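Next up, some structures in C-alpha cells.
In the two assemblies presented below, chain A is common to both, partnered first by chain B and then by chain C.
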Partner chain A sequence: MMANELQKIGNAEPVALLKIPVLAISEWREAVLQEVRAGARICALFALPPRDSPVDPADGLARFGALKSRLYAVLGHDREAALAVCATDVEKAYPSLSQVIPQAHWFEREIAETCGVIPQGHPRLKPIRAPLSDAPFFEVAGDSIHEVAVGPVHAGVIEPGHFRFQCHGEQVFHLEIALGYQHRGVERALIGGPGLRTLHYMETLSGDTSIGHALAYVQAMEPLVGIEPPRRAAAIRGIALELERLANHVGDLGALAADVGYLPTASFCGGLRGDFLNLTARICGSRLGRKLLRPGGVCFDLPENAAVEFTRSLEGALRHVNEAAELLWSRSSVLGRFEHVGVVSAETCTDLGLVGPVARACGVKNDVRADFPSGIYRHAKVAVATHAGGDVFSRARVRWLEIQESGRLIRSLLSELAEGLAEGPILHEAFRAGRAAPVLAPDRLVVSLVEGWRGEICHVLITDRNGRIARYKVIDPSFHNWSGLEMALRNQQISDFPLCNKSFNLSYCGHDL
Partner chain B sequence: MTGAAGMTQLVFALFCAPFLLGVANRAKALFAGRAGPPLCQAYFDIWRLFHKSVVYSTTTTWLFRAGPVVSLAATFVALCLAPCGGAKAVFSFDGDFIVMVYLLGLSRAFIVLAALDTGSSFEGMGASRELQFSLLAEVGLLLCLFALAWKTGMLDASSICGQLTVEAWRQEAGVLSLLAAALLLVLLAESSRIPFDDPNTHLELTMIHEVMVLDHSGPELGMILYGASLKMWILGTFLVRLVFPLRTGNFAADLALFGGAMVLLAVGIGIIESTMARLRLLNVPKLLLGAAALPCLAFLLSAGG
Partner chain C sequence: MLKELLARLHQGHRTIPFPREEPVLPERYRGLPAISAANCRDGCRECEKACPTEAITFAGGGDLRLDLGRCLFCSACEDACPTGAIRFTRDYRMVTRERAALLLGDAKTLELARALEERMLRVFGRSLKLRQVSAGGCNGCEAEVSVLNTVVFDLGRFGVQFVASPRHADGLLITGPVTKNMRLALRKTYDAVPAPKFVIAVGACAISGGPYAGHQEACGGAESVVPVDLFIPGCPPHPVTTLDGLLRLLGRRGRTVIR
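Right, the complex of A and B next:
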C-alpha cells in the first residue's frame, strides 16, 4: 500500500515539481519508512543544494530559504510498477534514515559529503569518495588479527579503488571499500544543460554501460519535450542494450573462469565478448555503442540487407558461448570454486537494496525491464532469471540465463525489424539536424529507469523554470551493490576476494561520477 | 667416466631447466587456441632481469638480499645430488636424497625469510601459505623417496633410480604408480602450478609463491625464477626416472631420452593446467595430505605383499 500523500509516477513520466509533496522532516521520514516497510526500494535519495534551487526565492515562490537543501526520495514499488516521490527541506542536520533503513546508508553518506547536511545518528558517517577524506577505517583488534590493504593501484589494468581487510589468518572478518578516486564532477557539469556535451557525458558515466546510461538519459529527455521515439528506433535501442548485456555477461563468465584458473572458458569468452562488441559496431561503428542513441531516436539504422548477416553472426557467437559455458558448468573443479563462496542472503540483499544480476542471484526477482517496462520492453516481454543460492555460482548462473534471454530478445526484435512491423523513421523529426533544439518542460522532475547489464540505472532529472537542467542525479547500479560486496566477504577466505569481486564486477567510475 | 657423465648431466640440467616452463606455457596456449609466448621466453626473462638494476625497500635488511642468493645456491647443490639422466649424480652417498630434500627446504626457508623481512602484509600472507603447504608437500616427497629406497633396497638417489627398470614395473606396477601419482602432486605443488597455485594470476590475494617475491627485482628476481625452474627439474627428475624406466645403456642416448621425457612431463603439466580449475586455498592441504597418504598406502601394499 502506498501512503496517500506521496506523488506516484511511472518510469519516465515527468511530474511538476509543485505536485511533489514537501513534507516536514518527521513526516517525510515516516513516509519513507512506511513505503520501505510496504516493500519499496530506495531508487534514489539525493539533495538539491540551495545553489541549484529550481525556484528563485525572489519570484514569490520562496518555499525554502537560501540555506536549505531539499531532499528527494524516489521509492520504487517493483510489483506495482510505481515510483513514489517525496521531498523535505533540511538546513544543517536531520535525523538519519539509515538507523532504520539500512539501504539508505550509502545515499546519506553522499548527501553529507556533497551538501554538508548531517544525517544525525548515521551509523557510519564518512565520505564515500575516499580521497576527499582522512576518516579512519574500521579496525578489528585482538590476537593474530592483521590488516591487508589493497589498492588503489592494482596489479591488473583495472580501475582504482582501495580495499581494507581485517583478517584472522586467511579469514576475512570485515572488508571496507573506499572509492572516489575517479570522481570527475559529472553531475555538476550537467547542470545548466542539456548541451552538446551532455550525451557524451552520459556515454562515459561508466564506459562499459554506454548504451544503458545513454538510454536512461534519452528516456528522461523525450517526455520532457513531449515526444515518443519511433517504434523502429525503440527496437534498435533494445537490440543495442541487449548486445551490451551479452558482451559484458560473456566477458564476466570468461573472467570468472580466469580467476579460478580455468583457461578454456577464459580464453573463449574473452574472444566472444569481442564478437558481441563487433555486432554493436556493425550498427553504429562503435564497439561500445557510442553516438548510437540520441533524444528522439537513434542515429543509425540496421539496413534490411545487413540484418541477415547480422543474425547469422549473432547465432554463431551465441552457439560458441553455449559451448564455452558448457565446458564451465561441466567441470567439477570449477563448480567447487563457485559454490558456497561469497554468499549474500536474500535478507541482506533486500536490506541493502541490491539490484541487477546480484539481486536476482539472491532469489530477488527485480528487473526494470519487467517491473517498470519502458520503450520496446512494453512490447517485448522479458523472462526474469533468478537463482536462489546468493553465491558466486548463482551470480554466474544468472548471467548465463540472461545471456540466453538476451539472445532470444534480440532475435525477436530482429525479426520484427525484418517483417516490417517497425518500418519508419529512426529519429523523431523534432530532433532532425538543422532544427532548433527543443525546449524541455520547466519545473519538472522525471525519473528514468533502465535495466543495464549491471542492474537498475536510475537517472533523476530536475528542470529549472527555464527548462534547463537544475539537477541531474545518476545512480549507477554499482552505487547500490558495492556494500553487497562488503557483506559477501564476511567470514570468507581472503584468497576468494578476487573471485567474489569479479562475480559482482562493479563500476568504480559509475560510482564515483 | 662417471664423474664426467654426471657433470654433463648437470650442465644439461642447468641449460634446459627454464625450457620446461616454455613448453608448459606453449601447451596451455595451444589448448586455449592462442599462439603463446616463445618456447624460450623464460631464458629471455632471466636474461633481461640479469641486465637490470635492483631496487631495495628501505625497510629490508641483509636477509632480503641473502634470500635469493642462498636459495639459488641451495637449489644448485640439490641439483648436484639428483640423478638427472642415466648416469650417477655428481655427488652420491647413502641418504643423499634426504640431504636433497632439506637443501630444497633451506632454499625455501630463505625465500620465506626474505619475504617476511619486507614487512608487507602480502608477503607475510604468502610466506604463511608457502610454509603451511610445503610442510605437507615435504612429508609426501620424503615418504615417496623412503618407499622407493625400501623397494629398491638402495640408499642413494642414483642407485635407487638405477633400480627403477621395466622389470621393476612388471613386478610392482601398483606400488610404483601410487608413488608416481604422489610425486606428480608434489611436483605440481612445489612448482606452484594448477591445481595448487596459478602461475599466471595477477591477483596478489590468491597467490602463494609469487606473492612472496613481489619485492624482489633485477638479477635477484632472475635468480628466484631460475631457482624455481631448477627445483622443477629436480622433482621432475624423480618422476621421470620412475615413470620412464627405458634405458639403452648408451649415455648420450639415455640423456636424450630423459630430456624428451622431461618435455613430455612439461606438456602433461600444461594439459593439467588447461583442463582443470585451481583449488580453493582451503582445500589445498587436503590434496597434499592425499599426496602423503599415497606412499603410506604403497608401504602397506608392499608390506602386505
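Right, the complex of A and C next:
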C-alpha cells in the first residue's frame, strides 16, 4: 500500500477503528518508512495487547504466547496538520523499525517491555521502566576510563532517575539514562475508564503539566461525545496553558542561572515563577491548575475584573522577568557557561524526533499550537520561536522568546473576554452536573496533541465496543527528549551535566507513567 | 554590579511576613474541609460516591468521616452534596503528627501538629537539615516544596535547609506513593540518615497513595517503608501549609485545636 493511502486524521479528530488500515508487517514497515522519509515524525508507536491476555502475577505484565498484539503508528506531518495512522498485527516478534528510523528506538523498547513483542534487530533492546532489572549498562573499556553513577536519589528536590556516565577524565564519552523509578501504572489503570480517578491521573501524569495533560485528555474525550467546548471555556483553557508555560519557563531561567552560580536572576525568577502560579490559583484555587479543566469545558470562570487585574499583574511580573533575563544575557560570565555547551545538532534532533523548546532551540520550527491548532489556537495564532545554536544558550533563549509570546497571547485572550467576544457558559450542557455521564463513541481512535511547556503532549485514546477506554497511550514530551539529553552530553565535561540537564528539564514521572 | 543592584531595587522585597502575619490566599483556595453532620441527609451517600480516593466513609446516622490523608481537595464531595454537609474552607492549617488525627468527623477536632519532644527540639529547634526523596511523586508536591527555598518563603530564615546527602540530614521529607521501583532506594536513604531522625510525608500520595492507592505498582505511601512523624495533606499542599507544619514541629507556632 502506498503512503498516500494511509488514513489521515487531524488533531482531536476521531476515526473508526475499522477505517484504520491493518497492513501486513512488511507493508506496515514500508508505509512508516515512506512517511518518515516524506518528513513525518513519529508521534506515537504503541501496541494494543490482545484482549483477555494472561497477566503474570509476579510482575503484573501481560504474557502473550501466540496471541497477536496490534501495533499502531501515528505519524505527524507538521506542515500539513495531518496525522497518518496505520496498524499491523504481530505475534512474538517483528523486524525492528529502529534500524532504519532512529526515532522509533525508545517506542520499540517500550513495546517489548509492555507487550513482550520483540522488535528483532533493535540496536539496544533493554527495558525503559525496569531500573531494578539486571540489564547491563553500555560500557566503554580502556585503562583511563572511569564510570560515574548518579541517582536515583539526587542532591536537589527533584524526581528520581539514574545516570551512568562513561568518562575519560572530565570528558563524557557516553551517558546512559535509566528511568522507571516513578512507574505508577497509570496507563493500566486508565483501561476500562473513564472513571472517578481518570482526570486525577491526567493532572498527576506530570504534576508540573497538570493543565497540559488534562487539556490533551478533555480534547480527546469531547469529539468522542460529539461536542465542542464553549468558546469561553476554550479561551480560559488557553490562558491556563500559557500561564503554565510562563511559570515553568520563568522557573527554568532562574534554575539555569542558579546552575552557573549567577544568583540575582536565580532568586528573582524563583519568586516570579510564583506570580504566574498564583494567577492560576486565582482562577481555580490551585497553583498548579488542579480542577480547572473537565470534559465539556472548565469548572471555573475568570474572577470578576480579571481582564484589568490579570493584565496588570501579568504586565508587572513580565516586566520583572525581562529585567531578570536581561541581566542574564548581559553577563559574559553567564554566556560563557551557556554558549556551545550541550550542543544537539538539527540533524540529531530530527533523527531522534525531539520536540518542544529543545527542538526549537535546534532551529526546528515545530509547535503543535501552530502546526496542529486546536481549541482556542485555531483563532489565536502563535508566532513560533526558534534559535539555531542547539546549546544551553539557545534553549534558554527560546524559553525567553516563548515567555514574550505567552504573555502576548494571554493579554489578547483577556481583552477578547473583556470585550464580550466569548460570552456564554463555561461548561457544555452535555457535561452539566446531575446529567448522566455521556457515552463515548465505540470502536474509535482519537489522537490529541497539545503543546505543553515541554513540547508535544500526545494522547491516543482507543474505545472498545462499549465506549469504554480500551487503551490510553500517553506520550509526554520527555519520552522523546530524554535521549536528546544523552546525546547533548557527548564529549562534554561531566561537571556541565547539571546545567545541561536543567536546560532540558524533563519529566521523570511523565516518562515513567 | 550596578545593574544587579538597580534590578534588586526594582524587584523589591518579596518575602511574605508569615508566620508573623497570616498568609494571603487566593479567594478560591480549597483548604481544610469542614463537616456539618446536622446538614447531612441520611443515606444519600452522594459524597461517598463522588470521591475518587475513597476518602469519605459514611456509617449512617450522621457519622460522616473524611480522611484528609486520602483527600485530593478536588471538592467533588462538596459539589455532589445536595445539602452542604461538606464544605471546603480557606483554612490552610492541617498538618498533624498522627495519621489517625487526619480522620475528620463532625464532632472530632483536628489536632494540629505538636512540637518535637524537648530533647529533639534542643537538637533540631534552630537548625534542621532535610533530605527530600521523591518516590513516585508527580513533581507537584516536589515543586511546591521547592518554592519554600525561594525568596518568597525563605525557609532558611527558620534554620531549615534541604541538603544534598542523607548523611548530612536530620530527617527525610518524602513525596509520592512510594513506587515498587523506589522502595529500596527510599529504605537505603532512610538508613543513611543518622539517628535521632524523623520523617515528613508530604501530599496525599505519600500519606495514603493518593490517586495511586491500590495500584500494584505502588506501596500506598511512605508508612509502608518507614515510620512517619509529620503528615502534610494536600494534592499538592499549599506551600504555607507545609511551612506551617514545619514551624509547628519546631515549636514556633503554639498548640492549636481547630473546631
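The working rule: the second predicted complex is superposed on the first by the 491 of 513 C-alpha atoms of A that agree within 3 Å, B and C clash if a C-alpha of one lies under 4 Å from a C-alpha of the other, contacts with A are read in each partner's own complex, and residues count from 1 in each chain.
Rule of thumb we're sticking to: a contact is a pair of C-beta atoms (placed from the backbone, for glycine too) under 8 Å apart; a residue touches a chain by one contact, two chains touch by 3 or more.
Quick caveat, the model's predicted, so the values are computed rather than measured.
Visitor: In the superposed arrangement, does A:D367 touch chain B (first), chain C (second), both or neither?
Guide: Touch status of A:D367: no partner.
Visitor: Answer with first, second, both or neither: which of chain B and chain C does A:S330 touch in the superposed model?
Guide: In the superposition, A:S330 contacts chain C only.
Visitor: Chain B or chain C: which reaches more residues on chain A?
Guide: C
Visitor: For A:R290, is the partner it touches chain B (first), chain C (second), both, or none of the two (neither)?
Guide: It touches chain C, and chain B stays clear.
Visitor: Figure out whether A:E242 sits in contact with chain B (first) or chain C (second), or with both, or with neither.
Guide: In the superposed model, A:E242 contacts neither chain B nor chain C.
Visitor: In the overlaid three-chain picture, which partner chain does A:S267 touch, first (chain B) or second (chain C), both, or neither?
Guide: After superposition on chain A, A:S267 lies in contact with both partners, chain B and chain C.
Visitor: Determine, under the contact definition given at the top, whether A:A155 touches first (chain B), second (chain C), both, or neither.
Guide: both
Visitor: Quick one: classify A:E176 as touching chain B (first), chain C (second), both or neither.
Guide: The answer is neither, since A:E176 touches no partner chain.
Visitor: According to the stated criteria, A:R184 is in contact with first (chain B), second (chain C), both, or neither; which is it?
Guide: In the superposition, A:R184 touches chain C alone.
Visitor: Touching A:D78, do we find chain B (first), chain C (second), both, or neither?
Guide: Neither partner.
Visitor: Touching chain B and also chain C: which chain A residues?
Guide: Shared contact residues on chain A: 155-156, 264, 267-268, 271.
Visitor: Which of the residues in chain A come into contact with chain B in the complex?
Guide: Going through chain A, the ones touching chain B are 146-150, 155-156, 169-170, 257, 259-264, 266-268, 271, 331, 333-334, 336-337, 341, 493-499.
Visitor: Would you mind writing out the residues of chain A in touch with chain C in their complex?
Guide: Within the complex, chain A contacts chain C at residues 60, 129-132, 152-153, 155-160, 180-185, 188-189, 196-197, 200-201, 204-208, 210, 264, 267-268, 270-271, 273-274, 278, 281-288, 290-291, 300, 303, 320, 323-324, 327, 330, 433, 507-509.
Visitor: Mind pulling up the chain C residues that touch chain A in the complex?
Guide: Contact set of chain C toward chain A: 3-4, 7-8, 10-11, 14, 26-30, 50-53, 72-76, 79, 131-147, 149-152, 162, 164-166, 176-177, 179-182, 184-185, 189, 205, 210-212, 215-218, 235-236, 238.
Visitor: In their shared complex, at which residues does chain B touch chain A?
Guide: Those residues of chain B that touch chain A are 28, 31-34, 121-122, 124-125, 128-129, 194-195, 198, 200-206, 273-283.
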